[in-house]
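Look for chain A in each of the two complexes below; its partner is chain B in the first and chain C in the second.
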Partner chain A sequence: MKKWWTIIPLSLLLAGCWDQRSVKDLNLIFGVGIDREEENNLTLTVEIPQENQGTTSGGGGTEGATQQAAQSLVMSEKGQTIRDVAFQLDRRIDGALDISKLSVLMVGKESAQHDLYALLDAYFRNPISPLNAKLVVVDGRADEFFQKDFKGQTLYSDYFFKLIETAEQESAIPVTNMQLACNLLLDEGSDAVIPLISYNEEQRAAEINGSALFNGRSMSGELTTEEASAFLIMDNQTQQELPLTFRVKGEEDISVTLIDSKAKLKVSVPKNGSPAATVSVDMKVQAIEYPPQGLNKKKVTKTLDQQLTEEAQKLLQQTVQKMQEANSDALGIGRRIIAKDPDTFKKLDWGEVYPDMDIKVETKVKIERTGAIF
Partner chain B sequence: MGGKMKREASISTWQLFFFLLQTQVGVGILTLPYEVHQAAGKDGWLSILLAGFFIQTGIFIIWILACRFPEKTLADFLPLLVGRVLSIIIIAFYTLFFFVVASQVLAIFLSITVKWAFPRTPSIVFAVIITALTIYLIQEDVRVIARFHVLMSFLLLGVLLVFLLMWNHLNVYYLLPVGSSGFKDILSGSPKALFALNGIEILLWLFPFTQAENKKKWIAAAGASLVVTVIYTLLALCAFAYFSAVKLTHVPEPVLYMIKSIELGIVERLDLIFLSIWAVFSITSFMSYLYIAAMGAAKMVNAKHHKKSVYVLGVLIVPLAVYTSNAETIKILGSITGKAAIAFLFAIPLFLLLVAIIRRKREGTG
Partner chain C sequence: MPFWRQDKGGVFKKSASENAAAITALTDSSDIKQRTFSYGKAQGILLYVETMVEAVKVENHVLQPLKENGSKKPEAALTVIEYEEAADHNDALRGLLRGKTLLFIEGNPACLLCRTERDTGRAIKEPMNEKVVRGAHDGFVEDISVNIFLVRKRVESKRLTVEYLEKGNRANTSLAIMYEKDIANPELVQRIKKRLESINAEIIYNAGQIEELIEDSTTSPFPQMLNTERPDRVAANLLEGRIAVFINGDPTCLIAPVSFFSFYQSPDDYTSRSLAGSFYRMIRLFSFFFAILLPAFYISVVSFHSEIVPRDLILQLKGSVEQVPYPALMEALFMELTIELIREAGIRLPTPIGQTIGIVGGLVIGDAVVSAGLVSNFTIIIVALTAISSYVVPSIEMNTAIRLLRFPFMVSASLFGFFGIVFALMILLIHLCKLKSLGMPYFSPLAPLRVKDLKDVFIRKTWWKLTKRPYDSKPQTLKRESKGRQWVEK
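Then we have the complex of A and B:
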């Protein structure tokens, strides 16, 4: 115990910390919106949740303070680069802006149509920015979207985040984040699909209404949520649930949910000639709503299977067609060709070949379960 | 030399295994996939395997050489082979090499911690803390160091965890077709992997301290190197199957970047957790290199114990590492040490082995 005194100089070592960032000094950004402006400028919008200062009555106890909904501060500013604007905003806000808790990053549709990747550079460069934040394209402008009134919501970014998460789980949009999308934006052999969000004026609510298709780094088309689901089926990316509703013969409607699906993409690259692809999908579904009932009869299910197959085939084909029209190789057919024959791919002008190439879709749907009743 | 010095503490085969493993697994984990990708594209992982194969032959040469002198370290048997003067020169070169590599490890460690986690902390603070810690440990004998290395090896599980977490996001088609980069590019990528896999040369010092049959020592060394090669190759495969080729050219620390996008419920910045695991691996290899450098330095000045040379080298290494911890110098020094590693791993041991065979030198024949 002679050396007990060494504790004193050693504990001095523990105190040093240049890089502490205490939450009380920070303004955490939860949501970001980016829009391109003319002359290479851009508008940055940030949403910062605020503490409820002085709004609770002193005698009310702690209950009142925690029950109250969090307020948020939305600010927009124009500038040359994202970080330039961020520093401008910083001069207006008490406490430093901090990006590390970002949950949603939104980009206006028009801005996404001209090189989305370039807008995100600041976030990829900064090691503290969370690349697992959700990336969405806004129908309209992002700054206006943050200014909209959402019924019953105070912390918008949180609301959008939950909306996106639910849609992901229901396979209405692909599961993606900044990092995953970035990989695809930069890939020569496949293209990104990024969720699309819009404002519903009547309901005063945000709405996920499909996905944006990308050609290289720029947005070039759109899919509806059904088509996005169809894309997910073909790309084997379905999540827990995937509901589909079709109108079958006799003006009857049936809703099914996917139990299991397997998609196979086959690409053939002939020596002389254009490449061709076949997507074959095998879906097993559960009927979740079918008012006419009678699904215990073989005859009924057989015809239903057949009609569902036809309808699904139509949907899948329509999706593929849309992707080709947008020149968006979301299924990664180019990547398959590279994997098979990189030299041929180099010779192909992929942007020219892909929209006109022959992509066959083969679908098979089978009702496997009918729920608690037939 | 009948009157052998009092035998220093010895280590077991397993301790040798983990000692070598911890020396090899170091700062390179984070950057290796990027480095090999630059040279060999998506076939960079083949470069790592190739480098691993080179290392295995190096181990074999060192093992045959060391088997001739099972009771002596390199510094002890060198005079028997090449005479006093040349042996001092060779030892000096080895000492310098290990010292520079140790400083390089520390410099890379500093530059990455500044970049990823502590942008405002002066790097000298980390340099001093880590060197102080290292000095504290490596002034002890080899057994203590080996125990520490064994203890820290459970962290390798953390590296393996990365594969499980990344599994869903991997795209095998990024890797195909295998070998399309051409053998030349793959070959040119392997020297870069050599720096990351470097460290097996310390077997020349550890060999006599290990209490086991010669064959078991070889198995331990070859096994350690094999494990490291496999882990590195898997990490590279993981990074290549995750990032598209263009993206990989932008990210110098692909492994951290890849982990950054994982979300795990409560844990948000998984990259920082991985960074602290990586810090332990870097520090253990820093310790090993500095320890061997101190042993060599002590031998050169005929000191009885390596304690004093540890202090001297420790004081010298801090300014050197801080001064060289910028991207440019790291790159230049890296290519130099990478080339030097080939000499110290293959050329010199092979030369010594030939001398030993020609002059029929074995332990006891001197």
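Then we have the complex of A and C:
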């Protein structure tokens, strides 16, 4: 009977139940779209997949029912801050909104042009928000994008996520997520490159449409997918595949894929004078399509190598030019200068210097493999 | 105190009938028979318990030779394998109750105990709960001498020592301690003897009772002595310097000291190839974590950490959990207890019905309980996996230990999620490190760490690499008398 006091420490154990977040009480958000509105307001769009109720209606029917695609519920609301809108939405939706399984975060293009970081602050502050969610800029408005009809797709964010992942594998866009983008958005020495997605009205499909260049926290320019690939080559960020197609000798087309590439960035900061940079790229490619054939002949490959080098040089130079025009130091030249000579960097007005600085591109392309035939 | 130690027994007199009457006066049972016969000129009396002796033995080896050789001394005439002279009445009575035949000769103030016990026992069969695929298929029986025989037949060592003890103040049960005299640590032998001597019970029912009376910690969930019915296992352990205890009337042999990992070793590891043996041993050790952590893991994922579920799975999980009205702990507890019910019912029921119960319990309840929305189908998967992994352990003792252990883990997971699991694991680890088996560290060779002994813990190295005995039993000689693969030319 004297042991009644053990109830006190035992009841302390129940304190853990305060933190319980049962999965059945959560309303998981898979996709988020953010748009800026006038007067510093914003619109938040959330996509909540609706799991099929009664998936296990009977022993036999279990399998068929779970195979059904989940439907999503898309909701938008206006408010002052992200959290403000989230609370407003929460009042309308059963169960607590939970962003721990967020897969895609979309921001309208116009909104991204005015301080993207400000829109994401709520997510970085929240410890349960997934930092590996994909961050994309939408051509147009994000809330409209979620309302669009995508042929045969019911779970939009899942579809976008896979679309982005495949594009990343093919080196059409850089591999980014919330965490990686956050670092670059706040870095004074380098800038972020974030995928750009658009809606193809004809095909009723989402489309990866190059990448958005950022200057500091705001979007300042765009790269096409080819240019984005070129940027990835220069930044040594290429993934499994990188297909490129060039027109050579006037009318012949050749498609190549990158086997291996090495890019070197050399930055020189003279004592008196403006800094200069050289990007030298050494690419080894495989011909994956070349109808005229004859790649076993040295003469042919030599001229092809030369022509490919010229074409690639053009593409890389064009990319660098665009990045400079957008004042987006995506290659991280500024970071090199900070590392090399921090005092000089402090004196420089990097935003002014970068667009006009001399960035040379040296390219070398060599066909190493020709596939199963010559 | 047994009766023969309580008081001094009476002394034998010259009259055979008087002596016989003195013995029968001490016990009255209708199966005690007396046979009078003429031995030369004198009269002889045989006294025996009818139900304990083999009638043929009494006839052929006691009665007949005595009748035919009336002139010889009785000791010379008897053809039984063993006889002895009783010291007093109590001694004679004790022999009588053990199935010996008492022989009194008129004019001789002595009593001869002739060995005529009936030896009927179960046939030697493979133990049901320790089956192996390859290797020896014999198992211990209830008769202690047969069991010792089975081990002796394997270890033909001159140093193999057997020491008998009699315990059970009323029932007088034989125990035997067996060890290799020049390997087993004498201190440990003394320790186990001291503990066995101290037993003061009316009767020794089984090995479990002995175990409980002599083990280091009775409150621990972990068994501290290895229970086995396999002679090959005993033989292997004896040569590692461990001590075996046999109990008459129980086919289970107790082995001490043992480590936690001994319970995960199976004779199958050694009969199969080293690679396969290592693989299956690792599977078994992995099953330990699976069996105690899986329900807890599920509970904490569902109620605390849903974010670790992959994106493609979470909707299914949510859909399946959503229709269940109870918290995850209740769900899991309900199913775990159902499984335990089915198991318990399966043991008690006769084999044909047992299978039916298994099907009814496993399939019908499992399916219906999900359709009824009482339990999610993820829980069914988890509980089934847990049940299977808990039965992977070769030792039934360890099996019960881990089946019990998962309940505190489930509770702590439901209170604190992963943090709770880690907390409970820490307590478990501390307990394992602190636990002792016959005074020797239970978690050896991990705590205290002895890297050399890890050869036969998570993996089984090839036979010829295992040249040293494990250190946890502190053997007198560490080096084994074996050298492998001498034929390999260097």
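Convention: the second predicted complex is superposed on the first by the 347 of 374 C-alpha atoms of A that agree within 3 Å, B and C clash if a C-alpha of one lies under 4 Å from a C-alpha of the other, contacts with A are read in each partner's own complex, and residues count from 1 in each chain.
One rule holds in what follows: a contact is a pair of C-beta atoms (placed from the backbone, for glycine too) under 8 Å apart; a residue touches a chain by one contact, two chains touch by 3 or more.
Not measured: the values here are computed from a predicted model.
Contacts of A:V353 after superposition: neither chain B nor chain C is touched. Touch criterion not met for A:V269: it reaches neither chain B nor chain C. Residue contacts after overlaying the shared chain place A:V248 against neither chain B nor chain C.
After overlaying the two complexes on the shared chain, residue contacts for A:A122 are found with neither chain B nor chain C. Look at A:S22: by the touch rule set out above, it reaches chain C but stays clear of chain B.
Contacts of A:L131 after superposition on the shared chain: chain B is touched, whereas chain C is not. In the superposition on chain A, contact is made by A:L184 with chain B only, not with chain C.
Judged by the touch definition given at the top, the superposed model places A:P49 against chain C, while chain B stays out of reach. Within chain A, the residues touched by chain B in the first complex and by chain C in the second are 13, 16-17, 19, 100, 130.
Residue ranges of chain B in contact with chain A, taken from their complex: 115-122, 125, 129, 169, 171, 173-174, 176-177, 180, 242-247, 250, 257, 260-263, 268-269, 271. Residues 13-14, 16-17, 19-24, 26, 28, 30, 49, 51-59, 62, 66, 70, 98, 100-101, 103, 128, 130, 158, 161 of chain A are the ones that touch chain C when the two sit in their complex. Across the complex, chain C meets chain A through its residues 301-304, 306-307, 309, 311, 314-324, 327-328, 367, 370-371, 377, 415-417, 419-420. By the touch criterion stated above, chain A contacts chain B in their complex at residues 13, 16-19, 100, 124, 127, 130-132, 177-180, 182-184, 186-190, 332, 335-336, 338-342.
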